[in-house]
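Everything on this sheet refers to the single structure shown next.
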Amino acid sequence: MSISDSPSRLEAVSAPHQPDVTPALDDLYRGFEQELLIPLWTEIGDLMPVHPRSKAVPHLWSWDRLLRLAERAGELVPVGRGGERRAIALANPGLGGRPYATPTLWAAIQYLMPGEDAPEHRHSQHAFRFVIEGEGVWTVVGGDPVPMNRGDFLPQAGWNWHAHHNAASTPMAWLDGLDVPFQYVVDAQFYENGRDVISDAERITPERSRSELLWGHPGLRPLSVAPEPGGSPLLNYKWEFTNQALKDQLTLEKGGFGGTVEPGHAAIRYVNPATGGDVMSTIRAEFHRVVRGAETAPVLETGSSVYAVFDGSGTVTVGDTTWSVTRGDLFVVPSWQEFSVRSEAGSTDSDEGALDLFRFSDSPIFEALHLNRTEIGG
Amino acid sequence: MSISDSPSRLEAVSAPHQPDVTPALDDLYRGFEQELLIPLWTEIGDLMPVHPRSKAVPHLWSWDRLLRLAERAGELVPVGRGGERRAIALANPGLGGRPYATPTLWAAIQYLMPGEDAPEHRHSQHAFRFVIEGEGVWTVVGGDPVPMNRGDFLPQAGWNWHAHHNAASTPMAWLDGLDVPFQYVVDAQFYENGRDVISDAERITPERSRSELLWGHPGLRPLSVAPEPGGSPLLNYKWEFTNQALKDQLTLEKGGFGGTVEPGHAAIRYVNPATGGDVMSTIRAEFHRVVRGAETAPVLETGSSVYAVFDGSGTVTVGDTTWSVTRGDLFVVPSWQEFSVRSEAGSTDSDEGALDLFRFSDSPIFEALHLNRTEIGG
Amino acid sequence: MSISDSPSRLEAVSAPHQPDVTPALDDLYRGFEQELLIPLWTEIGDLMPVHPRSKAVPHLWSWDRLLRLAERAGELVPVGRGGERRAIALANPGLGGRPYATPTLWAAIQYLMPGEDAPEHRHSQHAFRFVIEGEGVWTVVGGDPVPMNRGDFLPQAGWNWHAHHNAASTPMAWLDGLDVPFQYVVDAQFYENGRDVISDAERITPERSRSELLWGHPGLRPLSVAPEPGGSPLLNYKWEFTNQALKDQLTLEKGGFGGTVEPGHAAIRYVNPATGGDVMSTIRAEFHRVVRGAETAPVLETGSSVYAVFDGSGTVTVGDTTWSVTRGDLFVVPSWQEFSVRSEAGSTDSDEGALDLFRFSDSPIFEALHLNRTEIGG
Amino acid sequence: MSISDSPSRLEAVSAPHQPDVTPALDDLYRGFEQELLIPLWTEIGDLMPVHPRSKAVPHLWSWDRLLRLAERAGELVPVGRGGERRAIALANPGLGGRPYATPTLWAAIQYLMPGEDAPEHRHSQHAFRFVIEGEGVWTVVGGDPVPMNRGDFLPQAGWNWHAHHNAASTPMAWLDGLDVPFQYVVDAQFYENGRDVISDAERITPERSRSELLWGHPGLRPLSVAPEPGGSPLLNYKWEFTNQALKDQLTLEKGGFGGTVEPGHAAIRYVNPATGGDVMSTIRAEFHRVVRGAETAPVLETGSSVYAVFDGSGTVTVGDTTWSVTRGDLFVVPSWQEFSVRSEAGSTDSDEGALDLFRFSDSPIFEALHLNRTEIGG
């Protein structure tokens, strides 16, 4: 390779811990460039920092503006094979204009018009939907129609066939989360198109999916099926159960018993009922409720998260940044940035008006590889 | 040791594959006895059979007669420290008059009179209760009062403090299952007495235990507590969920989808929500529903089971034995005996009158040690 | 069942924590007997003790006397199909004349005459051989001839075909260990006869088995084969490696570094190179070296062990019993009996004359089921 | 954020599966840019390909030229705190001038002059050294001096303190492998400086490290220490064992038995003796020997690898690229590129002149997350 074609560019600079700048060093650097080599001593500060210093930055997206643009896209952009989905992704301003909410996570608003279908496909990327507004859409996973309503969480492990259809008379919008950036950077991704049109049998709209009939009972599993590795066999975690679990934790706290993470802070993790572990091998999903007037202790964690404000309002602090947030807003917490939230002032005696946060993160990657760390900040 | 004291007794017999009976052989056998030695060649047929040949035999206990004796015990035998529990155990006729339902499992009727308390203790033996009749008793586990009602399954992992109290105006009877024989034979058991009297705070009678508030939501786990190894953190698997799960499987079958184990045979396993695995490390618990007119395929499995007929009636075949069974009856399936059930004739279109069977077994021991085998019989 | 046929026998006795002896109680007990029931209150002291109280007792077998009887059996008892092996088992005096060293473990001397073959069979019972004296026998496992020499440990996971042949001009004796009692009591055992005669190709006598060529390299595994669950793919753990590992630990200790279990006490566990875990799912094997003048701290453990004195001499204490032991002796440590050893006095500076102990135990059963406990005694 | 500051740039283009280019669409795209949003329909072809299409390209680095530049760096660049190491990294030409051999792996030549020390540090990045040429350097890990000689493999799990010192009179060069790019992109990395100078006690040069005394015996583990999660406790996998394991596999093949991966292709994986699994949670290391005249079947795998030609010569094909390779050369196989090697022609009857390849890869990441796939190509 000629030097001019090499993507490597090395400049000898006079700096502490750097070799003396001499013509010989310059020659050496030209040799490195020609041979596609880069020395550690010019890179170590960036490559091996004392702690994670993410290129991703904390950022907040306002739901109102997101939704307005999604509606406009609903008018202008057809959904169908090729584009596949009317999904509009958060692009973290620190990540060079890529459609990445964080270095590992994709987060998008997906918007479906009345009567529209999104065609069937499958991919190795793990995905989920979390419904912020609306009802009337069914996602059809492996032929099983799964209803979607506000507050429902629908994991979709990699390589399952899936399509969507909107049986309602109104548009619907939800949050899509995937591990697209992660699988992109490590070169893991596979993709395949399915049928262009789903069958009439899949167009029925049952109240509960077949997956819920089999796996949606607390502490019970069917003997008839063995779950597959990679992801949860339960395709809809209905809001009523999530809400009840959070209420129950706060009831325990009021009774003087443990149950909440910290005072006024209830939280659940969505888990695979066949393993008790995360719903997917790369994505963790949780729901946090912070009652009025309560705040969470500042925490630093390896790995990145995306939060959706499901309800309530309050203030959020990520590193040096503090925002006011309200229903529908989305924000990002990069790796090892101190994070805390404070719910709007009010009576802590009731769950009314609590700050409800849906969260997803790449924590399972860190835990599987023994790279996770947590530290209490403040 | 003198020969006469030795528990070993060897007799030289003339038989195929046995050494010639000579005075020298007799001398050798006397030497073996003196030195506490036993040769393989006199034992191998019994010790190393072609397949498991359990000393335990199939046996059926009639609920009516059990209950009558339990009631009589209620009048004559006080419950309290020392005897600890008014529990009456099944003694398999093949097991030499020991209180063992199978070589590994203890099964007993426990009977509590109105107002009675059973004192607090803990033991390394894993235990559960399954309520065949009645309501109004609370088992207090680690200070958490857990209600018991017909059809409820209450696992109780080893070394948890527990007591019972009967807040009702009528006696109550339930099935107790433990791994007492297993822990006895391998010498694993520890035991400790707790308080003689539980506190008034534990005498409250909530509808749901604290464990259910934390762990009784499908596919959700609390972030606030880490479960302990050894057993399920969920202390009551309420009948309404079990019943619904079985109904749902039959609904799937009627819709033409998988869901049942075989036609007309729905079944669930009770699992630890923190792991998806068995509720205890030595005991598996399941519930089977066989609709009217249906029958199950004959199966041979390593390991032994105890069944309780929760509802319905039908016939059960274990090895060469067939019984008619009805509500409340208890029976035993020893290791590697062919097993099948047939529900009473009737309309298979409805769940009404189905044969409902609670089962517990020692399967987790076999699976953990890679000793499990299954074979379809017939 | 008539009362007289019932194996259950209950006697109402006047004792603390027992119900008042009355005719009514007597009637109740007769009812229990007839219905094959046994109440907890008459059994609890034996069944649920404060800590394990094994029926097995500490016992020592002298190698000299064992060997003499084995030699005599060599003259009188042919080896071959039916008896299968010329194996002479230790019968713990507390276990009712059964050929059980402990409630879960079988330990036997196996003795093969020059030129003799033991026919091929397989069984679900896990087995191993440990060579106390001699050389010249090959065990043929799945067609792979494995040499046996003094100090070698040869695990033999369940359901592998195996035969033995003695290519030497002298008899040979070794220790056989199996989980026969455990699999017998839980009814897990399967057995199958193989070929009566092994092929000439298996009669070759290589220095290393094929299993050692594949799996006998430290920290390296072959890419060509996937190991099977249940047991180690390495069929011979040669003495030279065991001895070197123990020497190395003592070298570390002399250099002021950690390495030994306690001063003067080196120990290794034989592990499955494919998992780092125990060589078999029910049996653990270890080798301990206690240098002259050293002693081990008293320990109580759940589970039972059999020890073979490989070399050296000293004193062993199990519970209230103390023995002098010397080369070849075998002894048993029941569950939860305090155990310690003291090596014969002498210079601790050298490994010469150390007390070398081979040990096998049922610990993997306890660990797999979370029933293990350990306590420092003294 | 003003549009001009946004890193997102969207251009409406007329293309299949793209919405009609209209002023309204253009307005929408401006809105997306302003709000830091990117639609899926403009990105899906790149982001979600049918199979992995790595930015990394196959590339070969010549050992001669690498070594010459490393020697020159030895003269010009001091080793010491700040630069930390005289390491020169391969920069894959497809990865934008970053010092990344593949998207997840760092590979570098490290070069140490006689008498030089590299100062102590630790980092969360997993690392290893593999010695291509020379001897006389000790890496000091947690105070344990570990010798390095040609063919030795030295894993260094994350967060262990380590330093190097060269006790020889000649320079030494080895291959460094780390997961630097992976930990960089997911933001996992931590770093800490240790002592500037190692102690005299660590400057001793034993033949075997303490880790080898404890863990370097086949199928044996010390009872005295519990291994830590994250990486292998064995710090040197000496060449003599690797070489012997490969010879043994070829011996088995010659005897007509399984043992090699395919004809003439022997291979081992370096494993953690405490688990049987990979030496580190993110890096797999293997050694392959292809005898003269043999070739390997083409294979596609998810994940990327770096190979070092340890000895011999032959041709390597990666995707559409074929190179001649010889001793010391390094090359890269990106994810899902078909890979095969052919050893130089010659007698296959002897190991002499075989093509010996050291390989490391990111496969553990894929397996831990259930993202691994393999396909036979050709």
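Per-chain residue numbering starts at 1, and chain names A, B, C and D are given in the order in which the chains are listed.
Convention: a contact is a pair of C-beta atoms (placed from the backbone, for glycine too) under 8 Å apart; a residue touches a chain by one contact, two chains touch by 3 or more.
Since we're looking at a predicted model, the values are computed, not measured.
**Q** If we define chain centres by averaging CA atoms, which chain lands farthest from subunit B? Would you check?
**A** D
**Q** Using CA atom averages as chain centres, what separation in Å is found between subunit B and subunit C?
**A** Measuring from centre to centre gives 30 Å for this pair.
**Q** So the centre of each chain is just the mean of its C-alpha atoms; given that, what is the distance between subunit A and subunit C in Å?
**A** It comes to 53 Å between the two C-alpha centres.
**Q** Just curious, how far off is subunit B from subunit A if you go by their C-alpha centres, in Å?
**A** 44
**Q** What are the residues of subunit A that contact at least two other chains?
**A** none
**Q** What topology does the chain touch graph have (line, ring, star, complete, other)?
**A** Its topology is that of a ring.
**Q** Which residues of subunit D touch subunit C in their complex?
**A** 210, 213-225, 227, 232, 234, 237, 241-242, 244-245, 248-249, 251-252, 257-261, 266-277, 279, 286
**Q** Could you pull out which subunit B residues touch subunit C in their complex?
**A** Of all residues in subunit B, those touching subunit C are 1, 6-9, 16-20, 22, 24-25, 28, 31-32, 35-41, 43-44, 47-54, 56, 59, 61, 65-66, 69, 72-73, 75-78, 80-93, 95-99, 103-104, 108, 123-125, 158, 180, 182-192, 229-230, 281-282, 302-304, 334-336, 362, 364-366, 368-371, 373.
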